[in-house]
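Chain nomenclature is as follows: A, B, C and D, assigned in order of appearance, with residue numbering initiated at 1 for each chain independently.
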């Protein structure tokens, strides 16, 4: 049984975290906090939790959080986390940060995309990128988890086997991703009003989205060379879920060889993964298959010269809070699927 | 051919007005304005109008508007219109005000529900309530039209025949109304975010909505006595349309008599109306029947002691901008349906 | 640990049942069945269950089901259940029937509304109406549960305290109910196509819905006299949830007395109920508060002469499968909230 | 003034056609037909048309249609049109066919993708592909218009300038297209039920869709060589609109040259087109900009080696019925925008 705290409980990721952790048999939630004028019952903010918890939401008091918790989840806006992490780490706490602050190892890239100076460079080095399928060993002993972004989670999982094996021409990778609206957080802006989004669909940040460098960083590591994908996100008129359709040219060597079917490579690659499901041929995932689950579903359509990959996750679960709890489970030796199935 | 201006073109009602008036063969749009930092092409605000108009949107300059226009539409937030109307009227312009500022004859009620002092009491008296089905004669010569609210339009049209004839017990009237989200205007607030409204449904301002006194005022006039309806609005997860389900007990006299079917009274009452369609028995309107039209569809289910009425409009057309143009057409002797069918 | 079977697993209620029962620690699912051409893996029907179960869906084989299961859930269309129930009961199985076949004690009413002869009249008498808030004692020992309809569940819970206490004029009760589309089941008909329902809203079966007699039966028992509500259902363009807005006149005696606030009576009435939440004054439930939960939220707005009640449930949980599992928990002495929170 | 008929008025395209043609000042609708049991008022099928027309919908009677109409629109399922077209042409009628039957010049391809023998091979040769931006001259005198598919319309318009100029490596073209649900017609199938589509998103017919050969045929003609695009359609949970995101590598020659910006080539290419709007740099179309209009909006993001194009149309207007009326306007020398703006 461990004691956990959530800072930033009022956003969509924080709300989802609370929902999961309330069901977790080895967790005691000791502190939930966010910017509030005065302590307020969680059920006044989220009436749906009435009868499930009597927790109060307070303005974060780091001293108290440190005294109460073993693990702290940060569900905060980008650039806020890095102001808090050092103190938590110094107090010996383990931290799972859902923001982007500790994901990018190249701080110049971070500062360019997030338009802010990074103030905690030391901890960036030690942060573990919290994608269990690639870094499970490091996660076990990590002090600071940089929980991956939603688009990077689905994109990296969809491409990892091919990139690691050197089977595709990496300069031809196109990631056409479509996300539900909670991906943007509870942001109050005209562009996220119901009447603006409903019955609409659009591309945005066309090949300039801040998640692209995160994808590039991880795929480059797998490829053993620097690569740069083409990444175009779109906004779907629905609440949750990301579906990415990914295109790439095979390497000429692979085209010519009579090797194994790529789908079998995927099955082997993800054989032991509890949350990656490689779909059968011609059986493509739809969002319904993954929303309200922590699974990432991946289908591969292999053509002679080209590969098309369709992959899907719930952006609030495998793309954020579910993956954060998966990381916590790994860190503490709990069953990896606990509270997630 | 008349010259018109729209003040407040950037809201949903203003946008819809522009769309209608661009199709109107007897109208020249001379001025469109709203709070903008600098003059900006309409197509930059609303790309959908590209190729249909080259108008610029300016910050409202009353002097210029007066010099250019014969009729001015005000698609402004409540409490803003009353600061502008006097000057327009003094300059001899005809004004169609889509806000609530001139709808309520009892200023105490206005001030209670809109939480502001009324600053143009004189013009309230002369304003004509712009519901053509009740006030067509007055509209013809009106200088100032108080264009009805969306809920009042559908509620009053649905109840007028029964109330005017004294056939129902007015204290038993229940109006359970459901509106799409554009009814709230382009309001940037958490409650109108996509992820909040989508897959949700709720009642709001339960029997305390500011449109209730407007309904009460007009039905009381028809009844010849003060009445007070029960009015509960709800927010639908869709863009446009209002559907109201209305319940009332018949008067005992009517219950006992073997009079005409109520549906026939409705048909007679609205016989000459171009925009009211009384539906056949057991044929209830759905929103699809009326959205993107200026029609109000009404069905009556008559039971022994009780009446159930289902009525529907498009809140942006018959409930706002369509009705405003209908009023303009009447004021200028144009075909009443021009640009509306 | 008990052995359970689900007949009719491919509908929305069956799918939801499976989802709940897979999480239930005291349940072993031994059989899931539905009309299928040949045995098929559940994950081929519902890819979302991949990795959670290896069950096959078969065409129902009663003999096998009887040999394997202690409890059988029937998630079948109305009029099909009654052909199966007798054999299950004779074999000593406990049955939870989610259809309407055993809900109405007056078979003439059943036959009128469902347009079919009832073929199992004997078992109707012994069936227990599975609304735990009213019949918990009987449920404990019941052999056959008639699991309530979705509209009746929310309507009866919303009205029970007032009707039981005789505080309202029952002939004035109006239930204006709005349901998401899964309430209709996985019915393949033009009226349920996406393009028909999306951006639409309508009333249907206006005061002739088959759930009205169920509401009338239960409220009449509470009132100690025959009553008949006015009930108008509407179809919401969303997946799950029912919200009912209910209106009634107080009894004159209650109007005149200076008694307890009605909200306090509700709180007392539902004090020990794990799944009914009486909301505070002016805090009305929205669907978001209850979907994906087994709760029924109820708010009371008390006026001088009239009462307005707003109540909400998830039609697939408290309105169907969640309530079915709640009944199962009660029947077997499990914690009533097991697998439901 | 011409006399027109619509065969297949009850589908989405037929309904939209009727809506447009009722507003067309130079058109008299003489016949509307579809499979119906007996003649039925249009307003009974589509209550929204009440008050706008008194037409009856009949089962198609070709003899009568021929005697009444100058132009006949066929809004019929694929493979049905080809049974009707010969008789209409022999009678000297001009035909605008919205189905796929006369679009593909290579009948082997047609027969492979539509799984049926073609029974009217002669007329295929003479049919004009009704994309005004490419074939306006031929359309003027055409007897038979093969009205383009929705995906091909947006895809061809988005790619035509680059392909015609030989600026991209055609084997790298990826078309990732997303369509609203009306694109599938009023098809009654489980996959199009509201509860299946709502809150869902998926790819379908991944690189095997029947519109791909239509795109390939037209782009190949422009390129002067056979090409084959990668085409993946997706189903959006909304009623109308298609947005395509298109990716291609530039030709090395173009990469190296310091030529004109591609956006300027597009502007030149579509300079005189009334219904193609080339958007400014970094100003991407969203569906809202084009739905309920006949416009195709196109944005070009030019990178060093790659081009990304985002294009959008309303699938029922520019993608079907609007384009059909545009073709009719061209055929009869009417203003091309008549009834379409």
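Before moving on, here are some points about what is shown:
Throughout what follows, contacts are C-beta pairs under 8 Å (C-beta built on N, C-alpha and C of every residue); 3 or more make two chains touch, one makes a residue touch a chain.
From a predicted model like this one, the values you see are computed outputs, not experimental measurements.
Farthest from subunit C in terms of Cα centroid separation is D. Taking B-C and A-C together, the chain pair joined by more C-beta contacts is B-C.
The geometric centre of subunit A is 37 Å away from that of subunit C, both derived from CA atoms. Separation between the centroids of subunit A and subunit B, computed from CA atoms only, is 46 Å. Centre to centre, using the average C-alpha position, subunit B and subunit C are separated by 39 Å.
Touching two or more other chains at once are residues 196, 198-199, 237-239, 285, 288 of subunit B.
Residues 12, 181-182, 186-190, 192-199, 237-239 of subunit D are the ones touching subunit C in the complex. Contact residues of subunit C toward subunit A in the complex are 23, 47-48, 50-52, 199, 274, 277, 279, 283, 285, 288-290, 292-293, 295, 297, 341.
Residue ranges on subunit A touching subunit D, taken from their complex, read 172, 174, 176, 178, 196, 198-204, 206-207, 230, 232, 234, 236-241, 243, 245, 247, 249, 284-288, 291, 301, 303, 306, 308, 310.
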